[in-house]
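All remarks here apply to the structure that follows.
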Amino acid sequence: MSELLKVETLSAGYGEAVVLHDVSLTLGVGQTLALLGRNGTGKTTFINTLAGATRQHGGRITLGGAALDKLAPHQRAAAGIGWVPQERNIFKSLTVHENLTAVERPGKWNPQRVYEMFPRLAERKGNLGTQLSGGEQQMLAVGRALVVNPKLLLLDEPLEGLAPIIVEELLRAIRRITQDEGLAAIIVEQHPQAILAISDAAVVLDHGTVVHTDSAAALRAQPEVLERLLGVAR
Amino acid sequence: MADPKGAVDFQAALLRKARWRPLEFVVWVAAFALPLLMPSHALMVNEIAIVALFAMSLDLILGYTGIVSLGHAAFFGFGAYAAALFAKLVMPDPTVGLLFAIVVSAALGALASVTILRGTDLTRLMVTLGTALLLLELANKLDWLTGGADGLQGVVMGPVLGMFEFDLFGRTAAWYSLTIVLVLFLVMRRIVQSPFGATLKAIRDNRLRAMAIGIPVASRLVTIYTIAAAIAGAAGALLAQTTGFASLDVLAFDRSADVMLMLVIGGVGWLYGGIAGAIVFKLLQDTLSTVTPQYWMFWIGLILVLLVLVGRDRLLKPWTWFGRRA
Amino acid sequence: MSSAETVLSASGLVMRFGGITATNNVSLNLKRGARHALIGPNGAGKTTLINLLTGVLTPTEGRIELLGEDITKLAPHKRVTRGMVRTFQINQLFDSMTPLETLALVVSRHQGLSAQWWKPLGSDKRVVERAGELLAHFRLAEVAEQPVKQLAYGKRRLLEIAIALACEPRVLLLDEPVAGVPAGEREELLQTVAALPADVSVLLIEHDMDLVFSFADRMTVLVNGTLLTEGDPEQIANDPKVKEVYLGHGAAHV
Amino acid sequence: MLTILFDGIAYGMLLFVLAVGLAVTLGLMNFINLAHGAFAMAGGYLTVFAMQKAGLPFLACLPLAFIVVALLGAVLERTLYRPMYGKPHLDQVLFSIGLAFMAVAAVDYFVGSSQQIVQLPEWLRGRTEIGDGALMLGMGHYRLFIIAVCAVLTVVLQLILSKTRFGSRLRAAVDDPRVAAGLGINVNVVFLATFAVGSGLAGLGGALGAEILGLDPTFPLKYMIYFLIVVSVGGTSSITGPLAAALLLGIADVAGKYFIPKMGAFTVYLLMIAILMWRPQGLFTRKGGR
Amino acid sequence: QDNVFKIGLILPMTGQQASTGRQIEAAAKLYMAQNGDTVAGKKIQLIVKDDTATPDVTKRLAQELIVNDKVNVIAGFGVTPAALAAAPLATQSKTPQVVMAAATSSITEASPYIVRTSFTLPQVSVAMGDWAPKNGIKSVVTLVSDYGPGNDAEKYFSERFALNGGKVIEKLRVPLRNPDFAPFLQKVRDAKPDALFVFVPSGAGSAVMKQFLERGMDKAGIKLIGTGDVTDDDQLNDMGDGALGVVTTHHYSAAHPSAANKKFVEAFMKANKGMRPNFMAVGGYDGMRVIYEALKQTKGQGGGDALLAAMKGQIFESPRGEVLIDAQTRDIVQDVYLRKVEKKDGQLYNVEFDVLKAVKDPGKAK
């Protein structure tokens, strides 16, 4: 298993405020990492720093051996980052279809495949972003990250607001994509059990630093550790 | 803050904003003292007081309610013509004339408010602008009444309260205007700090939510637009009364644009912003046009550009100039 | 419970957006004191239904009654004054105000003081007391004087709900109230809602099935804009159709 | 009769070229650039000087006006405009009107305040008349030329926006620059190109319009209202909207003045207010837009 | 301080009317340069203020000049409302007000302290109303800008034209800020008059002229006549050969064949980078002369009333010809010329071919 993402002693934040300190982790091709932590511990900040949307203060990020930190955000997408932001951020004046084509890059994923995965979106192809229901926007955000044809998918709370049946489907789809197509993924979630089930590794953040690293299966089997780290056992 | 706050603290916190600050007294005392201390600038004081009132009236809708308008001069001009015609045709007493102007401007405001209830910022910008331009054309066409493009001449004002004649030095004018401005300022201050004022800010921040807590958005918009129109009309009336005439340009686009510039320079959503903006803009314009009568516009333009580049909220707060940048 | 009177009733509601029928002939009765959940797949029309009930949207067809009166054509703000209040799926807050000002405004609106212009906001003792209670209850007291736009997401979410409760609703409509709230705090938040006076009726939209089943005493399932079924939680949890289109194979508990 | 229609169309087309750049910056980039008229003025003066001082033919001046003003726009975008994108609209208004003031005073200083006059080549002067009586159609050659140029422009712009991804990438960049960049759109380049083309179109409009609208230093302020009317009535989401609006206004204005001269300037303002009250988003909005 | 004589010159230096202000300021400075800045032992000081043609600003500036700067004379005034706005102040403070540009007839009646050195529109329009019917023009459509001076021009031309047996088919008024004259001109064309009588403020003149030609109206046999504003000297050269042959009436042309004018034009162009003086300039130039002469006559003694008395009745040779400040009306009495645009040395000029002597403002006749 070859190494895809390597993050070393990363620190980042907003203006003067440093939110992340000294975060290091690695991720292999085709692997899925569950990123857990309480509210406000810096999960989104970490994801956004990888995507280039938050200012990085120090440390190094490499993707497939190439340095990512010096690249502008739009170059990172070209280098293989696909991003699902926490607030979805659907382009509101574009139709569903345009949301996909505007960022599309050549590769296995195209709008057609996204529609196959989320038939609901196919039915809403011509609607503007803002005319979608909450869950539909979430699906579109995931699809939009896929058509960038990334090597690494960053999913920030992708399950929020989705119906249970879609959650199941999406989890299965993520598993399939990572395993069959060699895509790596980092998933942030509030429900540790659901996400640990499909992940390979898990990292827990607290107050901007890594407090626990383990394999997903091991962490899943230790509810008391989850309880201690996250305040929930579920 | 470990211990929970009580209702008393909260009440104090809410009322703190409504309290008079010492600096405010200084500002007003200074304003009234100016015509005595610098008699040669009484006219300038008068003019600044009037445009400051005009700018504050715009702030009620722009700053507090979030309705952009490029046609606020419609009400200013309407008030000016109303006051001038009243003096010419009915009676020369300024206070009665002022009241008359306020009432008719309010009526016009209520009527025009239907145009601003729907649409985007751009739509409102254009509809208000269109209304003002229509009024301008109308005043031009009704030249038998308004004097058309020559302006309405022959307005003779009586003494204020039957006692104080308008003098050539403009002192009576300045004090008269300042008094009216102060009275209306007090009214506006009350309005923006009241629950009614809070509903306006709520509408500005989030119309959907305002509706969802039971605020009658449309009727609030009509009300505040009417009040703003009335006060703009009062400002126009003051101009007509203290200068003794009215001409088409009280309705002109430039006047709407200037007042918007003043307000934005001084800061929106802050009544003193209108005053500060009026002072800065008028003094700048006056000094620059004395120094370079042909090209003062260039310097005003440059100042506007720099103002935005530096950040306009920092301009009036010099202590932030050398602080760290966000 | 079954004998309780109906406070909110919608009959034959239809809403079309161009070619899309988002709500198709939906009827719904909400009883006094009900804890009613509305579930359904994404895009089923749940939010749209709430928008119709509260007057944000006007139905293409159908009729809505609140406390026995026809309110189909009533302006949204008037429905609020008659006791029907909602929260939003996406926070809708007054960003430039503080939580204290926000709640003081909402409370004074409820007490009929919102047209008062001669006294400052907060001069009325009752208003301040009620606002203070709400702030304490929703653990917003420490941030009461910070502008809303600077608050962390969780606090903003709490304020969203506090605003609705400040209106002292008789009918409360909650659209995914706990979205984005950390798992640990979710139950607590819903308990606040569950603890409302017994005669307040609540309609809840939520995708977190643990919460829904612990909260609701009655459930309605929407699919593709139409009403699939209605029943008590047990019936719904065991309904094969609901499993197929909504709950999935993980059964009631994800 | 037909002549009036023809004149109205030509006038509308001219308004369209002048305003389309603003429709792009305001409608697509959501940036209020009140200095738009200053770019048009630059194109106009450039043409006058290129013809008078350098003796360039009129036809060569048109592309020149486009290119030079587009470059000017690009330079200003990089240096001054870019920091303004994220600012509130009020800041943008203040900033751009400041620029317009500076342009007005600077042109006044360097060139003087008098009207500049473009000398058209012989083949663009005069007119052709067809038919007679009520159906007579008199077509000024220059107006015919304007219609032709504008029609070509419209088609080209429409093709660029609908057949390429540029339009949707631009709108995405406007809706949410942070996320658009994170998803691989080079926001800076998209904005730069758009702004430059918008300015270039204004320059071209100024070059074409100087003959009919006149050209003096107050140009940017004098016609700002007209540009804004076109954009607001047309809606800000497409090219066809402002085109239709410009044509409608042009024809209504010309016809109104012909048939009811007493109404003078009322026609246009009344029409604008009526349309905006009826459709607050402008005549043409993106389907289903809220 | 006592030895200074101050003239407050209020002009539109920016905005639509800026060229008026520019011409007058240049002419006033030229007069001072030619005649020295000391008169009757007093040093003349010129204070220029920009009122952007906004009357309430004019009024404040005038008031400040009178009260603070203690000026002896206020002068300038680019547009009628501005002149009228300052009039009550002149009366109240007994300060002579010399109107150098504004041309509505009624201005001099607004204050007994107003003296005018420009012209009035009735003066020049009436002359056209006399000339046209005698020269084969039997029917006319008038086209004027919709404001005071335009209405004056329309009224006095039409009345006199009708009196002389002509027929005014239609009276058109165009909005002051009018971007396109096409519909109005088309209407004229369809009405088929012998001539079109035009008054528009000087900047718009060239636009009317060009669109007139573009519409082929000259070929359809319609003549273009008007007041001299249409063929303003300031603009004329840029209008191109289409302007050739246009007949206008006015009180001043840069081509007026007199020694005094030649000297004036040369000096003016030399001092102003080749800018040709127009009728605004001559109004400013003569205005300064009226003030200088009055000061000389009063020997620097006496206040506003004395100055005013000395201004009344002045007769002198202006670059435009012989002029008189009527002692009764304080308005200017001057020759009005008929001119035709012709080419001289490659330049376009309004060449005078006929004259009506000593025309009084007909607006005052009633």
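First chain written, first letter: the chains are A, B, C, D and E, and each begins at residue 1.
The definition used in the following text is that a residue touches a chain if its C-beta (ideal position, glycine included) is under 8 Å from a C-beta of that chain, and two chains touch if they have at least 3 such contacts.
Everything quoted here is computed from the prediction, not taken from an experiment.
Colleague: Would you pick out the chains that touch subunit C and also touch subunit D?
Modeller: A, B
Colleague: Between subunit D and subunit E, which partner chains are common?
Modeller: B
Colleague: As a test of understanding: of all chains, whose mean C-alpha position lies farthest from that of subunit A?
Modeller: Centroid comparison gives E as the farthest chain from subunit A.
Colleague: Would you kindly say which chain has the C-alpha centre located farthest from the C-alpha centre of subunit D?
Modeller: C
Colleague: I'd like the Å distance between the centres of subunit C and subunit E, where a centre is the mean of that chain's Cα atoms.
Modeller: That gives a centre separation of 74 Å.
Colleague: Distance-wise, how many Å sit between the C-alpha centres of subunit A and subunit E, to the nearest whole number?
Modeller: Roughly 76 Å, centre to centre.
Colleague: Approximately how many whole Å separate the CA-defined centres of subunit A and subunit B?
Modeller: About 51 Å, centre to centre.
Colleague: Could you give the separation in Å between the centres of subunit A and subunit C, each centre being the mean of its C-alpha atoms?
Modeller: It comes to 30 Å between the two C-alpha centres.
Colleague: Spell out, as numbers or ranges, the residues of subunit A touching 2 or more other chains.
Modeller: Touching at least two other chains: 127, 131.
Colleague: Counting only residues that touch at least two other chains, what does the list for subunit D look like?
Modeller: Each of 105, 108, 264-265, 287-288 in subunit D touches at least two other chains.
Colleague: Which subunit E residues reach two or more other chains?
Modeller: Within subunit E, the residues that touch at least two other chains are 14, 18, 22, 146, 175.
Colleague: Name, in rising order, each residue of subunit C that touches subunit A in their complex.
Modeller: 17, 20, 39-44, 46-48, 89-90, 152-154, 176, 179-180, 182-184, 207, 209-210, 245-250, 254
Colleague: Show me the residue ranges of subunit A that touch subunit D in the complex, using the header's touch definition.
Modeller: 48, 51-53, 72-74, 76-78, 81-83, 85, 89, 91-94, 98-99, 101-103, 105, 126-131, 144-145, 148
Colleague: If we count contacts the way the header does, which residues on subunit D are in touch with subunit E in the complex?
Modeller: Per the touch definition, subunit D meets subunit E at residues 3-4, 7, 11, 105, 108, 112-117, 119, 125-127, 129, 138, 140, 142, 211-214, 216-218, 222-223, 226, 253-258, 261-262, 264-265.
Colleague: Show me the residue ranges of subunit B that touch subunit E in the complex, using the header's touch definition.
Modeller: 40, 43-44, 47, 137, 140, 143, 148-151, 153, 168-170, 239, 243-245, 247-250, 254, 289-290, 293-297
Colleague: If we count contacts the way the header does, which residues on subunit D are in touch with subunit B in the complex?
Modeller: Those in contact with subunit B are residues 26, 80, 83-84, 87, 89-91, 93-95, 97-106, 108-109, 225, 228-229, 231-233, 236, 264-266, 269-270, 272-273, 276-277, 280-282.
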